[in-house]
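Okay, got some structures for you below.
Paired with chain B in one complex and with chain C in the other, chain A is shared by the two complexes that follow.
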Partner chain A sequence: MRVFITGYGLSKISRWFGETLEDLAFKSVKDIENKGGELREIDALIVANSFGGILQSQNLLSSLIAEDIGFSGKLTMTVENGGASGASAILTASSLVKSGLAKNVLVIGVEKMSDYIGSVFNHSISTFMNAEHEAFYGSTLASGFAILARSYLSKYKYSEEDLGAWPILMHENALDVPHAQLKFKITEEQVNSSDIVSSPLRVLHSPPVSDGSAAVIVSAEDSSIPKEKRLAEIKFGYLSSHLMELSLRENLEEFYALKCVKDALEKGSSIDIKKVDLIEISDDYTISAPIIIEGLGLSDKGSGLRSILDGRYRLGDKPSINVTGGTKSRGHPFGATGVYQVAEVTSLLSDGKVKGARVNGELGLVVSMGGIGTVLSGILLEKV
Partner chain B sequence: MSVFPESKVGIVGWGSYFPIYRLSMEEIEKQWGFPNGTGNGLGMKEKAVAYTDEDATTMGYEAARNAIARSEIDPKKIGAVFFGTESKPYAVKPSATILAEALGITPDTMASDLEFACRAGSEGMRASIGLVSSGMIGYALAVGSDTAQANPGDILEFTASSGASAFVIGPSREAAAVFEASYSYVTDTPDFWRRGLSPYPLHGEAFTGEPAYFDHIINAVKGLLEKTGLRPSDFDYAVFHQPNGKFPLKVGERLGFPKDKVIPGLLTPFVGNTYNGSALSGLSNLLDIAKAGSRILLAPFGSGAGSDAYSIIVTDKAEVKRSLAPTVSYYLKRKMNITYSEYAKFRRLIKKIGGD
Partner chain C sequence: MERLSISKFWRIRKLHYTLAYSKCKKCGYAFYPPKHVCPKCGSSDLEQRTPPREGKLISWTKLHEVPFYFEDQKPIYIGLVNLGEVNVMAQIVDVLSEDELREGAEMEMVFRRVKQDGTAGLIYYGMKFRPAHRSGSSKQGQ
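Let's turn to the complex of A and B:
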């Protein structure tokens, strides 16, 4: 059974102080409709969200959103898998479709993180670490990524300033992206003089606090949605997790979970990742970018950051990576991020234009991450 | 432009007061381990600190004394005293009466304390305009004064400071500056608050910016411009609430007021955010220096939240009155730098048993 994306909706990522989770979800569903997506044929709803239970004290979120969009009485579920929640929801949707339980699944990623002060935000995202062994002792997601960054920079002999190239590129890439949160350029000096979050990571290496919602329709080959609505095909998807606690890992400069995903993708799809045109990765706290680029086999170990410094992966390069700004600039509404990534790649493959230039690509890959490389996912998309 | 009731009324006397002590940003950075330059990043150089024998009423008194000196009126003629503060020494028992009594205004007067975070003094000013323009009273005294509190180690500590400004509001024919029009914009927006019995305020971090400070000031100023038909280019100066050294420039830019119109009334970099004294002290400084005929936009803001926008025109009487009391620049120059430990003692951050 082949599986297609037959619609996508994107809403502007910002700090939406005046909107509820349901309001945000409604916006992306409305955008599917605006873009000609077929909502009447939907027979299942999956909501991807990571913090509703903690920040909004709201669980069973999919039931609530189903009510709001007039979808009660059907199959609904909520998927939580950290920053990979969105990708996990889409893989689940794909499985529902393949199994025959549903023909068209609406996946909504939604997250609202800016209602609370920094300490609450940090506490929330630090739930992606081992609560008893790490977070309890004051480790935060930022400090975990900082350990990775320290280790990477020292092992491969980079300076702290070398990290700046990535966020500068991400801010450039997001400039003309309508739904991106941070649409302004930054300079090397601004990056390297921004406040330290957890040394060597600074504010401008870090993702913003984001509220947003994106949605996609995942459809079966034999669904009643007409063929011309097909925008991209989900060729293959896989997800793996690996040791959560940093102290248990043999190596801090790579994500073992990503190796598992890469192996499964290449084996399952018979596609060499080097042939992929467009890649969207979770570049959390900047250091994730070179680690994931190396993990995908695009650069040799230790040379991922060098290749970024050398100007690789920009729009027009093969592969182009994060041409819509990544978590750094598009924004990082954690549970929704994966849905944004898949919607973006779908849009780029189907009718994509970035900065006025047409994106020529047949193959796209979305790599989402939960925690500090604890969960990695890969979704291969092909132009229809 | 239509004539508004405000035009019957003006500022007949103005005055400010800042304590002599200054705490540098470096002292706070060193104490709490903030990266060097954190204070500078907020557009701050140093902040004024009140001594142990000073509070909102003593500073309000000093500022009001200067304002009354410039008004050249008998204090007995003042028919209302509005004291705007969020750091009054008594939770229950008016501070306005302490000022009224000490200044020789009692007993034939109204007097009350107003609370609206940093905007209460401004509300006192707008209420005074109403009372005087209606003819109910001849003169009113509006005071904004605060010994602003900040949780030690909170980012707020870089700016929260002490100071006061006061204005005698009276008939426009006697005024150093006349009001042209005013407009208020208020919503229930909880960006910053302090619950009863809590020693320090809490704030919503980024929520204090866009949905609070910027939204309210921009809407108040737009309301004033719409009401009067004036444009930003009609104003020679613009004074906004000054929670740090950056926001006023940013809100000015967004409303179309260039930096050089905002900087003359921007005192926060040198004395900190004096809360109810903040925008009003900026105005006080402009009355010390502006030429007759200058048009000033004044837009205080208070968390919670609200903003008032006033159009004010300086008259030729300002120049004569300036020498009748110490100017803002006198208080800015009169300073002694202190250490964080002295600051902790002066602001009673060190708890001890017995004594005071």
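Let's turn to the complex of A and C:
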């Protein structure tokens, strides 16, 4: 059974103080229709969200959103898997379609991170650490990535300033992306003089606090949605988790879960990742970018940051990576991020609306991450 | 009469007061925090061991953006410390200069307040680390 993306919708990522989770979700669903997608044939809904239970005191979110968008009495579920929630929801949708339980699944990623002051946000991102051990002593995603970053920079002989090349590129890439949160250029001086979040990581190495929603329709080959609505094919998808605690990792500078995903993708699809034209990665706190680039086999261990400094991965390079700005500049509404990523790659391979023009190439890959390399996912998309 | 429930910290207090780790009797792998099965070989035949009180710093950070429980302590240092067979993620305290936080720097365990539930709630204690062998620092961190 072949599985296709037959529609996508995006809402601008920002700090939407005036809007609820349902408001945001409704915007991305409406945008599916604006972009020509077909909502009438939907027979299941999966909502990807990571913080609704903590920040909005709202569980059973898919049920609430289902009724809000007039989707009553049907299969709904909510998927939480940190920053990989969106990818997990799309993989679940793909499995529902392959199993025959549904023909067209609407996947909505939605997150509201900006409702509270910084220390509550910091608490929220500490929930991706072991709560009774690492987070108990104050660790958060930021401190964990900072510990990785210091280790990576020291082991491979980089300076802290070398980290700046990635956020500068991400901000350039987001300039022409309508739904991106941070659409302005930054300079090396601004990066290196921005406030420290967790040394050596600064504000301009870190993702913004984001509210947003994105949606896609995942359809079966024999769905009643017409063939001309197909935008991209999901060739293969996989997800792996591995040791949450950094204290248990043998090597701080790589994500073992990504190796599991890469092996499964290459075996399952018979496609060499080096042949992929367009890649979208979770570049959380900048240091994730070189680690994931190396983990995908696109550069040698320790030379991922060098390849970024050498100007690789820009639009037109093969592969081009995060041409819509990544978590750094597009924004990082955690539970929704994976849906944004898949919608962006789908658009870049088909209509090009997320960047003004489609990108040359046939193959796209979305790599989403939950925690500090604790969950990695890979979704391989092909132009229809 | 309302029945008060015991603090959920009670069940993990011993771990936090000793940083006791697990060692697999089958393959010998040691790990912290504990799991029900060995992350290496899957055996559940494990024994608990107490780590040495001194170790070496692997990597660290100074966290300015702290969760709300730590607002009164910010910024806090957090480090990954090697204690022989295991590594532990812990707070680093009593840092006089960041020059003391080189990779490989010797650290010693100290018993400290971790956080508290407001002004009238529980006070949680646990083990933190501080730079060792500094003039004026007592060996056991009293």
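The rule is simple: the second predicted complex is superposed on the first by the 378 of 384 C-alpha atoms of A that agree within 3 Å, B and C clash if a C-alpha of one lies under 4 Å from a C-alpha of the other, contacts with A are read in each partner's own complex, and residues count from 1 in each chain.
The rule is short, and it goes like this: a contact is a pair of C-beta atoms (placed from the backbone, for glycine too) under 8 Å apart; a residue touches a chain by one contact, two chains touch by 3 or more.
On a predicted model such as this, the values are computed, not experimentally measured, just so you know.
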>> Contacts for A:Arg15 in the overlay, against chain B (first) and chain C (second): which applies, first, second, both or neither?
In response: first
>> Of the two partners chain B and chain C, which one touches more residues belonging to chain A?
In response: C
> Just chain B (first), just chain C (second), both, or neither: which does A:Ser126 touch?
Replying inline: second
> Just chain B (first), just chain C (second), both, or neither: which does A:Phe184 touch?
Replying inline: neither
>> Just checking: does A:Ala146 make contact with chain B only, chain C only, both, or neither of them? Give me first, second, both or neither.
In response: second
>> Once chain A of both complexes is superposed, is A:Ile196 in touch with chain B (first), chain C (second), both, or neither?
In response: both
> Who does A:Leu246 touch here: chain B (first), chain C (second), both, or neither?
Replying inline: second
>> I'd like to know which partner A:Val209 touches here: chain B for first, chain C for second, both or neither.
In response: first
> Both chain B and chain C touch chain A; at which residues?
Replying inline: 118, 195-196
>> Under the stated contact criterion, what part of chain A meets chain C in this complex?
In response: 118-120, 122-123, 126, 130, 132-140, 142-143, 146-148, 150-151, 154, 195-201, 243, 245-248, 252
> If you look only at chain A, which of its residues touch chain B in the complex?
Replying inline: 15, 17-18, 114, 117-118, 193, 195-196, 209
> Considering the complex alone, what residue numbers of chain B touch chain A?
Replying inline: 35, 37-38, 41, 203-207, 210-211
>> Under the stated contact criterion, what part of chain C meets chain A in this complex?
In response: 12, 15-16, 31-33, 39, 58-71, 73, 76, 78-80, 86-91, 103, 114-115, 124, 126, 128
